[in-house]
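Note that subunit A is present in both complexes that follow, paired respectively with subunit B and with subunit C.
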Partner chain A sequence: MNKKNTLTLISIIAFIVLLFILNINLGIYQMRIFNLCGIYVILALSLNLINGFVGLFSLGHAGFMAVGAYTCALLTMSREMKEMNFFLEPIVPWLKNVQVPFPLALIVAGIMAAIAGALIGAPVLRLRDDYLAIATLGFSEIIRVIFTNTQSITNGALGIKGLPSIGITGKTWEVVIWTWGIALLTIIVMVLLINSSYGRAFKAIREDEIAAEAMGINLFKHKMMAFIIGSFFAGIGGALLGHLIGTIDPRMFFIVLTFNIVLIVVLGGIGSITGSVISAVVVTIAMEVLRVLDGDIIIGGYMIKGIPGMRMVVFSVLLMMVILFYQRGLMGTKEFSWDWILNRKKKTVKS
Partner chain B sequence: MSFSIFLQHLVNGISLGSLYALLAIGYTMVYGILRLINFAHGDVFMLGTYIAFYAMTSFFLPWWMSFLIAIALTCIFGIILERSAYRPLRNSPRISVMISAIGASFLIQNLAIVIFGGRPKAFPIAPIFSRILNIGGVSIVSVSLIIPVITAIALYILNYIVNHTKVGMAMRAVSRDYEASRLMGIDVNSIISFTFGTGSVLAAIGGIMWGLKYPQLIPLMGLMPGLKCFIAAVVGGIGNIRGAVIGGFILGLGEIMIVAFSPALSGYRDAFAFVLLIIILLVKPSGLMGQNTVEKV
Partner chain C sequence: MTVLRTDKITMKFGGITAVSQFDMKIDKNEIIGLIGPNGAGKTTCFNMITGVYIPTEGKIYFEDKNITGIKTHEITKLGIARTFQNIRLFKELSVLDNVLIANHMRLGSNLFSSVIKTPDYRKKEKKITDKSISLLKDVGLDNIMYEKSSSLPYGKQRRLEIARALATDPKLLILDEPAAGMNPQESLELMDFIREIRDRFDITILMIEHHMQVVMGVCERIYVLDHGIMIADGTPTEIQNNPKVIEAYLGVE
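Moving on, here comes the complex of A and B:
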């Protein structure tokens, strides 16, 4: 047990060192993609908690992300920036002069998303399967429509531009510490949560709701808990995404965003933390690498004319193949563990 | 609001409601048989419209022939979709099938963007559909009257197929009990194909008429109507064809009337369907016409 803890600690430290090395060596563009990977890790894990571990098929993630992104943006922007953005209709006075440091804004963003999750969860968590999916999707869409129409709070369809960079100092080297730092924190929270008695209750609910209830598990309490924690991290992920891109508008939080995250979770394996992390990183990088397909490709002197949008087609074909022929995803419900690696080493030594 | 303006809104609401009803039937029939939200149905609807568009503009076919070709091709496409995306997962958990539906929808949309281009296209409208009729001081575009009539005919034929033919009887049997109907010698696979075909035909009819009424085509045009029509199906009681029609009309009329009576709320038009959905799910989860089912262990 002790040995494994040391190994975990060493690998976390190694990872942090790696972050610093990458930070120095990679260009701005690569670093940006790397940051995006971290954010998608947070988002995929938060969705996996709800969909994978408790088995509630929720499609409301984009809504929670929107709540988080808007909260954080409005709290961190300076008064002058807000006045510049809200030229159509002035911003409400009580929001105008508020400006708090980034870390505080990020936490408030998470809490706001969690409150939204609690408000939405309370009525819809009584529903099952597809009804739950379509009801959460409905709520996320309602949030989007509300944000489009509250001109004096969210600037409506115009969106908000010029979000400050992630971090306290506003320097670029700080960004990766926040994105991957929070991603690491999310991973740790999820692992601890899943291995606690709550986590076992979550899995029991996923396997058989009626049996779980008969065993004395309070269904509503546990579902609410997972839903609130999930939406908290979704809010934080949304806030980071907004600040990384630098501009947010309601169209960004369309259903398609939720579908993207669902597909990342499916590829990694529904109900596997390791799978979600790997898949979030691989998919984010693959989407950038596939960008080659959109441009012209030269093979042996012949030029194949690029078709814009081709990468999305290739990506969705690959995705359908995974869904149809490899349903368990990358990891299934298996997890990474030191035992697995150590045992493997022993086996190779023996043979 | 004067009475003639109200009548105009009413006609608009009824024609939008008819379109929603046609699309909602596709959802409700598939759900009734497979217990699956066919997320790709909205994209089938989009495809129908695009095929009609290309038949008219690239092949210069007369409008009626283009419409027939579009309906036939969309029907075939719906059947292929079921075979390739849903049939391999027939014995998998429901969640995997739903994810497959999301994936299929994703694939069709991205293909459409590559093949058709992302830029909006204008649907050509034959003069017969754009004539402006003046009935007792109310001026109405003829397409607004044609849509409900075509819908009524389509619904009549569908009703006949479902209730008075052998295939329809088999469809009802499969939706009541999948396993038992297989044991009774019904070829379940071909019935499912038939259901998808019928749903796609109705989606194509709806899509073409949508193009005539709102003549702007984009590859993502099926997304919102698709979601709304699934909601219409849930509101009416999923699995129930009559319920889907009622749900479609409630949704169509509701959306138009909200904008008509309080223009201040017009921005919230898209939220109406979702608010309605949540109210229905909380008050009567089985829908207006649905039956309550109790989960058995």
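Moving on, here comes the complex of A and C:
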């Protein structure tokens, strides 16, 4: 037990050292993708908690992300920046003058998304599961429509440009510490949560709601808990994404965004933290690498005209193949454990 | 002392009356049988007692408290635990986890202290783990407690379901066809097992069972339902000689 904890601690430290090394050695573009990976780890884990561990079919992630992203942006931008953005219709006074440090804004972003989660969850989580998918999907679209039409708060379809860089100092080296630092924190929280008595209750609900209730588990309360925690982290992820890209607008939070995260979770294994983490990194990198598919491709002197959206087609095909041949994703519900490595070593020592 | 009393409970589904004006009274430490042909309304009775369905009419009292309309999980907390006709284990989870989950409602740790694993939480977690392992020992499943529950043979899955129900610390245990799918040898063992848990855990047992040898062998009193109506109640000998019961079972007009 203690040995494993030490190993975990060592790997966390090693990972942090790695972050610094990468920070120095990777170019701006690579670093950006790497940061994106971290953000997608957060997003995938938060969706996996709701969909994978409790077995709720929620499709509202983009909505929670939008709430987080807008909250954080509006709280961190300077008065001048806001005035510059809101040229069609001035920003409401109570928002114009607030400016808080990034860490505080990020927490508020998470809390706002969590409140949105509670508001949508309270009526819907009492109903049968199939309503949840529709209600959350609707919620996510409604958020988008609201944000498009509240010109004096969100700047509507124009979106908000010039979000400050992630961090306190505004320096680029700080970004990765936040993205992957929070990703790491999310992983730790999820592992601790899933391995607690509450985590077992979540899994019981996923396995069999009727039996779980007969075992004294308050279904509504536990579903709400998971839903609110998931929304909180989705809000944080959305905020980080907005600040990483530097621009947000309602179109960014289209349902496709939720689809991408669902894809990551399914590929990694619904109900596996390890799977979500690996899958988030692989898919994010692959999405970037496959960007070439959307542009013109030259093969042996012939030019194939680029088809925008081609990489999404490739990904959808990939997803279908995984579903067909690997029903339970990369990891199923399995998790990484030090035993894998320790036992392998023991075996080789014996032989 | 009366543990459970139903007062003219009726359950209607649209036009069908699944259970009609059913009266039942169970005293502490009794082992009671509920029998009847297929579709007689037995499981529906269990579902009303455990709050899955709210009776269309009538009241249910548990230890003199009116529990009609109370939520399932609250009824479990009050002390009624059940098993299901078609085994409902948490399939992907281990045998031990199945039993641990039954301890969750009485854990008394909030989400935050469970996640950060406060010393108090660790102490409670250790306590429920020890308790669960000892329960699994009692029912003879401790040697396979880390196996996935769905990998167990049928008889052991039934046994685990009973163990899981016992882990909620019930006062009344209700079993829906515990001998279903068991071979004669397993059925005999089950009879001893039921008596044994009644004594060891000082509980009251109500069971639905088609297997007559088991019902007559272990139950002290029996209620018979047919088409939702109670047609007889009494000791096994009384029931065996009751013409109405024989008629219901043989379908004699």
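Basically, the second predicted complex is superposed on the first by the 331 of 351 C-alpha atoms of A that agree within 3 Å, B and C clash if a C-alpha of one lies under 4 Å from a C-alpha of the other, contacts with A are read in each partner's own complex, and residues count from 1 in each chain.
Here, contacts are C-beta pairs under 8 Å (C-beta built on N, C-alpha and C of every residue); 3 or more make two chains touch, one makes a residue touch a chain.
Please read these numbers as outputs of a predicted model, since none were measured by experiment.
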(request) Check whether A:224 is in contact with subunit B, with subunit C, with both or with neither, and answer first, second, both or neither. (result) neither
(request) For A:212, decide between first (touching subunit B), second (touching subunit C), both and neither. (result) second
(request) Classify the contacts of A:287 with the two partner chains as first (subunit B alone), second (subunit C alone), both, or neither. (result) neither
(request) Between subunit B and subunit C, point out the one touching more subunit A residues. (result) B
(request) Check whether A:133 is in contact with subunit B, with subunit C, with both or with neither, and answer first, second, both or neither. (result) first
(request) Based on the superposed arrangement, let me know which partner A:153 touches: subunit B (first), subunit C (second), both, or neither? (result) neither
(message) Once chain A of both complexes is superposed, is A:22 in touch with subunit B (first), subunit C (second), both, or neither?
(response) neither
(request) Figure out whether A:312 sits in contact with subunit B (first) or subunit C (second), or with both, or with neither. (result) first
(message) Once chain A of both complexes is superposed, is A:118 in touch with subunit B (first), subunit C (second), both, or neither?
(response) neither
(request) Would you tell me the residues on subunit A in contact with subunit B in one complex that are also in contact with subunit C in the other? (result) 210
(request) Would you pull the subunit C residues touching subunit A in the complex into a rising list? (result) 50, 52, 71-73, 76-77, 81-82, 84, 88-93, 97, 100-107, 109, 111, 114-117, 121, 125, 128, 164-165, 168
(request) Could you please specify the touching residues of subunit A with respect to subunit C in the complex? (result) 189, 192-193, 196-198, 200-201, 203-204, 207-208, 210-219, 225, 333
(request) Provide the residue numbers of subunit A that touch subunit B in the complex, in ascending order. (result) 57, 123-124, 127-131, 133-135, 137-139, 141-142, 145-146, 148-149, 210, 255, 259, 262-263, 266, 270, 307-310, 312-313, 315-317, 319-320, 323-325, 327
(request) Report the residues of subunit B in contact with subunit A in the complex, numbered from low to high. (result) 35, 37, 85, 88-89, 92, 94-96, 98-100, 102-104, 106-107, 110-111, 113-114, 118, 223, 227, 230-231, 234, 267-268, 270-271, 273-275, 277-278, 281-282, 285, 295, 297
